[in-house]
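Read from first to last, the chains carry the letters A, B and C; within each, the first residue is number 1.
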Amino acid sequence: MVKTAASVAVKGLRAWYGGVEALRGVDLEVGAGEIVAIIGPAQAGKSTLMSCLSRLSDEVVGLRVEGSVAVGGEDVFAMRDVAALRRRVGLVAPLPVGLPMSVIDNVTYAPRMAGARKGPELRERAEKCLRAAALWDEVKDRLDQTATRLSGGQQQRLAIARALSHEPEVLCLDEFSIAIDPVTTARIEELLKAMRSQVTIVLVTNLIHQARRLADHTAMMWEGRVIEVQPTAAFFDSPQHELTRGYLEGRFG
Amino acid sequence: MSARLHRSRWSRGVERLFELGIRLGGFAAVVLLSGIMLFVVGEAWPFLLGRFDAIEFFTSTEWFPDSVVKVRYGALALFVGTLSVTALAMVAAVPVGLLGAIYLAELAPPRVREPGKIIIELLAAIPSVVWGFIALTVVSPLMVSVLDLPVGLNVANGALVLALMSLPVIISLGEDALRAVPDSYREAAEALGATRWETTTRVVVPAARNGLLAAVLLGVSRVVGETMAVLMATGHSVRIPHSIFDPVRTLTATIAAELGEAPKGGEHYRALFTIGLCLFVITFVINWLADRLIRRAAHRV
Amino acid sequence: MFEATEKTRGRVGRSHVMSLALGLLTVLLAAPTLIVLAVLVYRGAPALSLDFLLSPPRAGMTAGGIFPAIVGTFYLVGLSLLVSVPLGVMGAVYLTEYARPGRLLDFVHLAIVNLAGVPSIVHALFGVGAFVVFMRLGTSILAASLTLAVMNLPIVIAATRESLLAVPYSFRQASWALGASRAQTVWHIVLPNALPGILTGVVFAVSRAAGETAPILFTGVAFYLPSLPNNVFDQCMALSMHLFTITTQVVGVPESYPAATALVLIALVLSANAVSVVLRSRHRKNRRW
């Protein structure tokens, strides 16, 4: 269900909420099919950065953005069809959100909104996505039940299945594991590893070990900037930046 | 499913239409609503600029809009009429309404609360003209026979009916205000050994102060603006009442009684719009205050 | 050491006494409502018959029935809803889902909150000035319905807005992130989940339009019309107005007539309210989040 991974290039990205500067010039390159983890303390601008990748930043009242984000070489802020961009760049939010409709309708929502008709083909696609999100076995007998009745962990995997349903080139996961248990987290991490190279994954996480387990590269954000990017092993073994060292040693944040 | 999906032109067209409709609807709604203000002011304007004499309007009790010999637009008696009926209705409705709200929100067991709320809704659903009918055919004869009055249409009759009409407003909004107080307040008070009654009077009611005040204000606003019931219940006498058993006429009743006869566009017609403007301003101020109190209460809790 | 002291017992006792007293007071509150209804039933029942409901008034409204008034009320309520519900819902959707927050929007909301509390007689003035005179609709069903619609507009907007805001914002965000447009999100996510709340507001508007008298007094309702209206530019009769007329303007009406009319009016309004109660309780049960 995944087509081709696309590269992501962020250059000089700045963002303001009213007068407060949330991003102060972010530069970040993610190769096609890579997994990149972004770590850093709260208020570092990680979520704001994620919202810019699919221009969900457009919907935030009072948020002003400058700079450039390119997905697969195309400048996203120059795109006219935002909906198409959002189908190319999927997002999974920190807290699980099952849309108030049946499980199957959740997974077919994005294709339907893009013009696909209900039918066996769409159902097949939904099954694939649910399998990919390791949710199929648990929900296959209750596809017509309301999604909001699922458990938190199930809803989060549903959100991942939903994000896969529109065949994204980039998948953004914003602290996907904060509301779910370690076992489910481990299962999802397996899925992400399996998808490597088919889709580019940008992962914001507070779990340093999660970054270590999954990411090809790891980036450190601090007060609206990316202060360090390295291949993951190097990032953790020999962090160059003083603040990164301090953060990894748990001196703050 | 390899090809990227594209929404049909048709579905995009429908969407454009939907959004256009919403924008137009929003625009029309705002225009219509601002139109009320504009029209009431606009129709009153020539009178305000011309014949209107503030001193006469607010201090004279001589309301002779269609007199042949001396036309007078003294609305004092009408203001006093509204004020007296409102004040008397509130004397009855505020304590009863607030105590009822406190009981239903804090003290009543569920098997009383649910039927209680249904009764309140029933009370709220009775149309104003039915209250007028009750005032005219039940309360008035009762007053005449029990209190030995010459007429039963007076301040007291109107106030009684208005009190009953404002009770559902005060009770249901008051209850909302009390329920908005977090349970942690009650638990904290009860953990300190306070009884239910002490918790209610010393913790919950003070915490809900603003919301309760707003409930009272909205009750007042309802009473000030009420028309048909007072038209039918208070008699028709443009004078300052000396006792609660004197007949009066309110601002609202005056418009209802005279608008039909006043020639459109004439001075009398515009004088009635001026009274309408006064009502608009009075209720607007009350509602605005209540809205601010409710918002402030929401912020704090 | 922790025995209940006299004082403690007194406090607990007082708490019970006060609860009981307030309870009694509230029960007393129910009394007038029930008395009013009982009086109406007692007085009106003798006149209530199918013939009363289905025949026009006769003999200067001292005999016959209230059929034209019932029909008129249905016309007025229906036509006013046709205007106030679409405009109100679209207006609320625009204000909550599209308009950018700012001073202007705050002002509009303030205006709506306040206009919901403007006296109905002021709406009557507006109706006369705007629809009857300015738009030259004359006193007609159309003018009266539009007046009722404007009166109900802020109420429909406020109820709709409240139920739109009750749909969690995270649903919207998730929908946008999946490539749905604003309109699609409104149509597929927000509106279906706000519908019960919107309907409650609509039902309230129905009961208000049916019960109000002042706004239609001078805009399109006649004291007496022997025949039913042919089009929206005709005048019509209405139940609320008919009750006012036969109570205050006509001599020689049998005692049971106004009471029976009031009963029919209340029955209409209450059945609308009953619908809203059912809707609300079903909404609470079916709430999907």
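Observations on the structure shown:
Basically, contacts are C-beta pairs under 8 Å (C-beta built on N, C-alpha and C of every residue); 3 or more make two chains touch, one makes a residue touch a chain.
Please read these numbers as outputs of a predicted model, since none were measured by experiment.
Nearest to the overall CA centre, using the mean of each chain's CA atoms, is chain C. Per-pair tallies of C-beta contacts place B-C first. Here the CA centre of subunit A is 52 Å from the CA centre of subunit B. Per-chain Cα centroids separate subunit B from subunit C by 14 Å. Taking the mean of the C-alpha atoms as each chain's centre, subunit A and subunit C sit 48 Å apart. Residue numbers of subunit A whose C-beta contacts span two or more other chains: 84, 87, 114. Across the assembly, subunit C contributes 181, 184 as residues in contact with two or more other chains.
Residues of subunit B touching subunit C in their complex: 15, 18-19, 21-30, 32-36, 39-40, 42-43, 96, 99-100, 102-104, 107-108, 112, 116, 118-119, 121-123, 125-130, 132-134, 136-138, 164, 167, 195-198, 218, 221-222, 224-228, 232, 252, 255-256, 259-260, 264-265, 272-273, 276, 279-280, 283-284, 286-288, 291. Touching subunit C in their complex are the following residues of subunit A: 54, 56, 59, 61, 83-84, 86-87, 90-91, 93, 95, 97, 99-100, 109-110, 113-114, 146, 148, 159, 162-163, 165-166. Within the complex formed with subunit B, the residues of subunit C that make contact are 11-12, 14-15, 18-19, 22-23, 25-26, 29-30, 32-34, 36-37, 39-40, 86-91, 93-95, 97-99, 108, 110-126, 128-130, 132-134, 150, 153-154, 157, 181-184, 186-187, 207, 210-214, 217-218, 240-241, 243-244, 247-248, 255, 258-259, 262, 265-266, 269-270, 273, 277.
Interface of subunit C with subunit A (complex): residues 100-101, 170-181, 184, 188-189, 192-193, 288-289.
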